[in-house]
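Take a look at these structures.
The two complexes that follow have chain A in common; it is paired with chain B in the first and with chain C in the second.
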Partner chain A sequence: MTAISRTWDQLTLPGKALAILVPLLLFLTAGAVITILLFGGIVWNAILDHLEIVRLFVAVLAIVLIFIPFAFVIIYMELKIIARMNLRIGPDRVGPWGSLMSLVPGLKVLTKEDFTPTKADAVVFTWAPVVVFATSVMSALVLPFAPGLFGADLNIGLLYFFAVGGMTVVGLLMGGWSSFNKYSLLGGLRSAASIISYEIPLTLSVVGLIILAGTMSLNTIVEQQAGWFTNWYAFRQPLAVVIFFIAATAEANRTPFDMTEADSEIVAGFATEYSGMRFGFFFFAEYVNVFIVSAITTVLFLGGWNAPIELPWHVAIDINPGAYGLGLLFIIALVPVLGTLILAAPIYAMRSKTRWWVALIVGFVLFNVVAAGLTLLWAYASFDVVAGLLWFLGKAFALVFVFVWMRGTLPRVRIDQLMGFAWKWLLPAALLNLFVTALAVIVVQQWKGGL
Partner chain B sequence: MPAIWYVVGFAVVSIGFVFVTIGAAWLLSHRNRGDVHKGMPYESGIDTYGDTHGRFGLSFYIYALLFVAFDIEVVFIYLWALIFRDLLLGGFVSMVLFVAILLFGLAYAWRKGVLTWR
Partner chain C sequence: MATTYPHGTHKSADDPHVLLDDEYGQYEPIPPYPPRTERELEFYTPGDGEMYLNMGPQHPSTHGVLRVVLKLNGERVVDIDPVLGYLHRGVEKLCENADYHQTISQLDPLEYISSLFCEWGPVIAYEKLLDVQVPRRAEYIRVLSGELNRIASHALFMGWFALDLGGLAPILYSFIERDEIVEMLAALTGQRMLFNYFRIGGVNGDLNHDFLSRLGDWMSRAGKQIETNLALLNENEIFVRRARGLGTIDREAALRLCMTGPNIRASGVPFDVRRAHPYSIYPEIDFEIPTRSEGDSLARYLLRMDEVKQSLRIIDQCLEQMPDGPIMAKLPRLLRPRPGRAWAAIEGPRGMYGAYVISDGTDQPFRLKIHDPSFIHLQAVGALLPGHLLADTMAIMASLDPVMGGVDK
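This part shows the complex of A and B:
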């Protein structure tokens, strides 16, 4: 007994954790294996009977969790692209080209003290970031990522998107009110005023699109834009795109409309008193919002998952591995070796100083890159989901780049200019767009009827 | 499966995700009560003065009123837009009248100088 306790005392903290975790994991694995052997069939049948419920869980978890890597990518884009625009180098130490830099603030915010001010309304104070984050993520439910890859295809998809997205303002007001800080309250009220003012042109600018589409289901809207890129609604509603994008920038609280966090005027707006993870979730929600706004602009105006050009031929690669029989084994065994050697040979031959094993390693890496590229090409040609997802994410992240670009370029506008612009310019422009579209539809219908 | 379950599922999972992460951060982070100054609101390093939940500019309130009027309009106009291809000219004229009344209100507010931030 004493021997065991002495050994235990000599272990470091990771050692102790391992000594507890490994037996626990073994025990759980054994339990899982026995359970699967005994009840696996029943459980499997139950899952097959309720595939809809499984789809719900998978879809919800996948869409909520996909925003973690998305947020990290957007943070890295902000750090690196704005740095290049300012003629700086930006992060270059953590990971290749500093690409892991965005993990650092994430981990840092996780380990910081989460403090509630003495006079704050603790319950509202805690719920404010929850409301802001949850409403941002919930509006992603209707986003069609690719053919067949979406949360749910609501027939009121667009209305749901604006309704849930508009609730963000409640969270910001909660955060501003409960902090018991004059700057926070001012920031919360400012954000409420600016967001509700831009909500009107944002929602009115897409009415012309609804008239043309005749539906509010986002999946149907994307399907209507298939074919050449001239089918995209951006070319039929050019004014609407501009209004929508400007208003969406204000909705997402991004520069040049980031009055809520005007750090040179009101410290950090509604987030002044926040620290630790609750502060982190305000920022997480902001990056989620940036992606969602880009994604909805892509879906509505830039054709969603559709490729910009329609290929005149249809590429379909039909590979049936079973048909090759034993030859498959030779292919699996030989192709990597041959590929590595072929790619290593020119590197070895080019410079006499190159060692043979260096050439082999470079060749192996190159082969993997080529193989991954070929696999991606094959997947792109064979599966609509892969092709659609690639186009959708490509367009969405191009718009994210525009957001970052604007942040790197434009100065913040004054609040009176901000509010005046929404009510005196964007709202009349949106109404004009709406009535011109309606008139055009009437004229086209009459003309068709007359012929 | 009705789509409402997706909405409920999203709400539960996203709220749960936030609370799990905040809980994990609470376990990971250090905590320190500090002295009386730590719990004070941060107002540029000066002790807070006056009532925080006091009076505030009226402009926020008027913008909220305008917002409510126009947001209700948006709800009507969305439904109108959905079936516009069946209504055509009659629908167009009635919506022009409806929006004109609202725009009259906006013009009144504009004239009164409400839209100019003070």
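This part shows the complex of A and C:
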């Protein structure tokens, strides 16, 4: 026993981790193999029988997982862009250009104490972050990321989005109420007031779009905007875009409407008493919300996955690796080596000081960059999914940039100004937009019918 | 004075004056003793639908360690009870046990944002007691460094005010200017914040190359830079809409509260100690006293920014007219002023700093009373806040620009 414990003590931390993980993995693999051999057929048949349900489960899992890197990217964007706007450098230590910086607070919240205050309503307190996170992520289930790449294509997709997205306020109110803290309470009530007020112009502003589109399925709405960018609904419903974007900012609790967590007034609002991973959930949900709001604006008004211009010629790169036969092996073996050498040669020749191995390393990195770029180009030209995903993410992150920009620039509005703006300006404007759109549709139909 | 009870042990039955039962008192910002005054009884008796909110001393934006108990109705402030003394260091008492030179370094941290002005008032008062004529070059250096410190203080005010209204960027832009000035003054005085630079009868060191080169570098672009920074806020619709009409105080009320400095000038009273009771070389310098009549937070903010421009003018003139000569008057090392009393007032970035000294003929002041504008202005908060929203409390407080070091002394 002593021998084992001494050996164990001498191991480094990675060594200890490996000593646990490797046997565990072996054990699990053996178990999985045996299970598949014994019950594989039954399970496979069950999966085949209920493919729709399995697809939904996989989609839900994928959406929950995909938003973690998205949130990290947005946090990094916010750190870096606001730093640049404030004439600072921002994070530059963790990872290249500080790009792994957002992982550090992510890991930090995991290690912190999960604290529940005295007199807090423990059950509600625990479930509030779950509700907030789950609702914001689940509202993304209907988002079409690319042709054929979506969680679920509901015929009431937009309605689902607003319904589930609006549930966030329940979570915020739960957190604010159960914390046993007046700052939290004020934050929760503020969020309830502002989100419910802004829900109305938000929903009304897209009713005109629904009249034009004739459907609430987000996939169909995106398909209707195919072709040149003039087909986007942003150009047919210009007022609606503005109303929608402003109301969505308030929905996502972002500056200048971040009354909910106004740090100079009510400390951190509903999240004042939260610590550890529960706070992490709130924090995540905020950034996930930013992305989702940008994404839904993209889908509804900016053409979703469609490219803004329609190329007059059709680019198709037809590569059939099977046709090369044995030559393929030679290509796979030789191209990396040759590419590295070719790219390293000028770097070695340019400066006599450069060591040969430094040149080789630089050449290898360059080759990888070039290869990745070429692969991406090929994938973009060959697969609609890749092209659509790139356009969709590009547009969505451009809008995320606008959110970050607003946060870096604008002060916060007061709660009465916030409410006044929603009820006195946005709501009438949304109603006007709806009225004009409906009138135009009727007139056009009458005119066509008359002909 | 009633006995202080540990939390949760006092019972209403034991003491008829105890208003609140255990549970309530334990989690509310209510003193654990029965009310001592009529005012306490009135404030700590909650009306219908009212609640107490404890703000500070550890709150992100109370500008130091001010604690305010707010009585709220919804989000609207009904009444406030400021609790002072979290930063009390007994500076005045310390000064009674230090000799005249040592008091200057004791007085520095009173207002850590604009330390030179904390030194300036007492130093003039001591000079009055000693009948010292300060060399003209020393007076010019005092005015020059003082005006630089005023700009630094106002730059910080701009950032704070915007931060309390929720804007993140302005404080970082204003800190650029402040940092330049602070580094400049560090080159002159040897310290970044607590300068300890003025001496009885002059200043500690002459202008040096480091200071002058930094100053010339900064002055060449200061005007333009400040205009750029101001555009960040003055042209921001949200900022202007929030600051306008916020915490309005009219002329009579401001006079009744004994307000001075930018706060009273924003209410339409053109009172500036530099012109009203001239000291140092200010009579020889050409500058205006900006005045506004609105009396709201926006006016107070804009007025301070106008003052920055005037300060730049004063610095220009100081550099132009700077005479040669000594920077210290001839004085014995141990100062024993004649028995008597002296009062001196100067115009600081927050208002009138006054110093009242009583000498008993020894080398230590018998009594030193500091009249601090922050303390006077903080009184106005009680009159300004009720009726405003919770979101505005910090902004109104910031627009009065108090520094807790000066309030608690």
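Please note the rule applied: the second predicted complex is superposed on the first by the 406 of 451 C-alpha atoms of A that agree within 3 Å, B and C clash if a C-alpha of one lies under 4 Å from a C-alpha of the other, contacts with A are read in each partner's own complex, and residues count from 1 in each chain.
Just so it is clear, a residue touches a chain if its C-beta (ideal position, glycine included) is under 8 Å from a C-beta of that chain, and two chains touch if they have at least 3 such contacts.
Keep in mind that this is a model prediction, so the values were computed, not measured.
J.: So, does A:D416 touch the first partner chain B, the second partner chain C, both, or neither?
T.: A:D416: touches chain B and chain C.
J.: Is A:L439 touching anything from chain B or chain C once the two structures are fitted on A? First, second, both or neither.
T.: Touch status of A:L439: first partner only.
J.: Using the superposition on chain A described above, determine whether A:K424 touches chain B (first), chain C (second), both, or neither.
T.: first
J.: Is A:I196 touching the first partner chain B, the second partner chain C, both, or neither of them?
T.: first
J.: Applying the document's definition of touching, compare chain B and chain C: which contacts more of chain A?
T.: Looking at chain A, the partner in contact with more of its residues is B.
J.: Please work out whether A:V402 is in contact with chain B alone, chain C alone, both, or neither, and reply first, second, both or neither.
T.: The answer is neither, since A:V402 touches no partner chain.
J.: Looking at the overlay, does A:K119 come into contact with chain B only (first), chain C only (second), both, or neither?
T.: both
J.: Would you check which partner chain A:K182 touches, where first means chain B only, second means chain C only, and both and neither mean what they say?
T.: So A:K182 meets both chain B and chain C here.
J.: Please write out, lowest number first, the residues of chain A touched by both chain B and chain C across the two complexes.
T.: On chain A, the residues that contact chain B in one structure and chain C in the other are 119, 180, 182-183, 267, 415-416.
J.: Touching chain C in the complex: which residues of chain A?
T.: These residues of chain A touch chain C: 82, 85-88, 119, 180, 182-183, 186, 190, 255-256, 258-259, 262-267, 407-417.
J.: So in the complex, the part of chain C that touches chain A is made up of which residues?
T.: Going through chain C, the ones touching chain A are 27, 51, 53, 59-61, 75, 162-169, 172-173, 176, 236, 238-239, 241-242, 389-394.
J.: Hey, which residues of chain A end up touching chain B in the complex?
T.: Chain A reaches chain B through residues 52-53, 55-57, 59-61, 63-65, 109-115, 117-119, 126, 129-130, 133-134, 137-138, 140-141, 151-154, 158-160, 177, 179-185, 189, 192-193, 196-197, 199-200, 203-204, 207-208, 210-211, 214-216, 267, 272-273, 276-278, 280-281, 415-416, 419-420, 423-424, 427, 431, 434-435, 438-439, 441-442, 445.
J.: For a test of understanding, state which residues of chain B touch chain A in their complex under the given definition.
T.: Contacts found on chain B: 1, 3, 5-7, 9-11, 13-15, 17-19, 21-22, 24-26, 28-32, 36, 38-44, 48, 52-53, 56-57, 59-60, 63-64, 66-67, 70-71, 74, 77-78, 81-82, 84-85, 88-89, 92, 95-96, 99, 103, 106, 110, 115-118.
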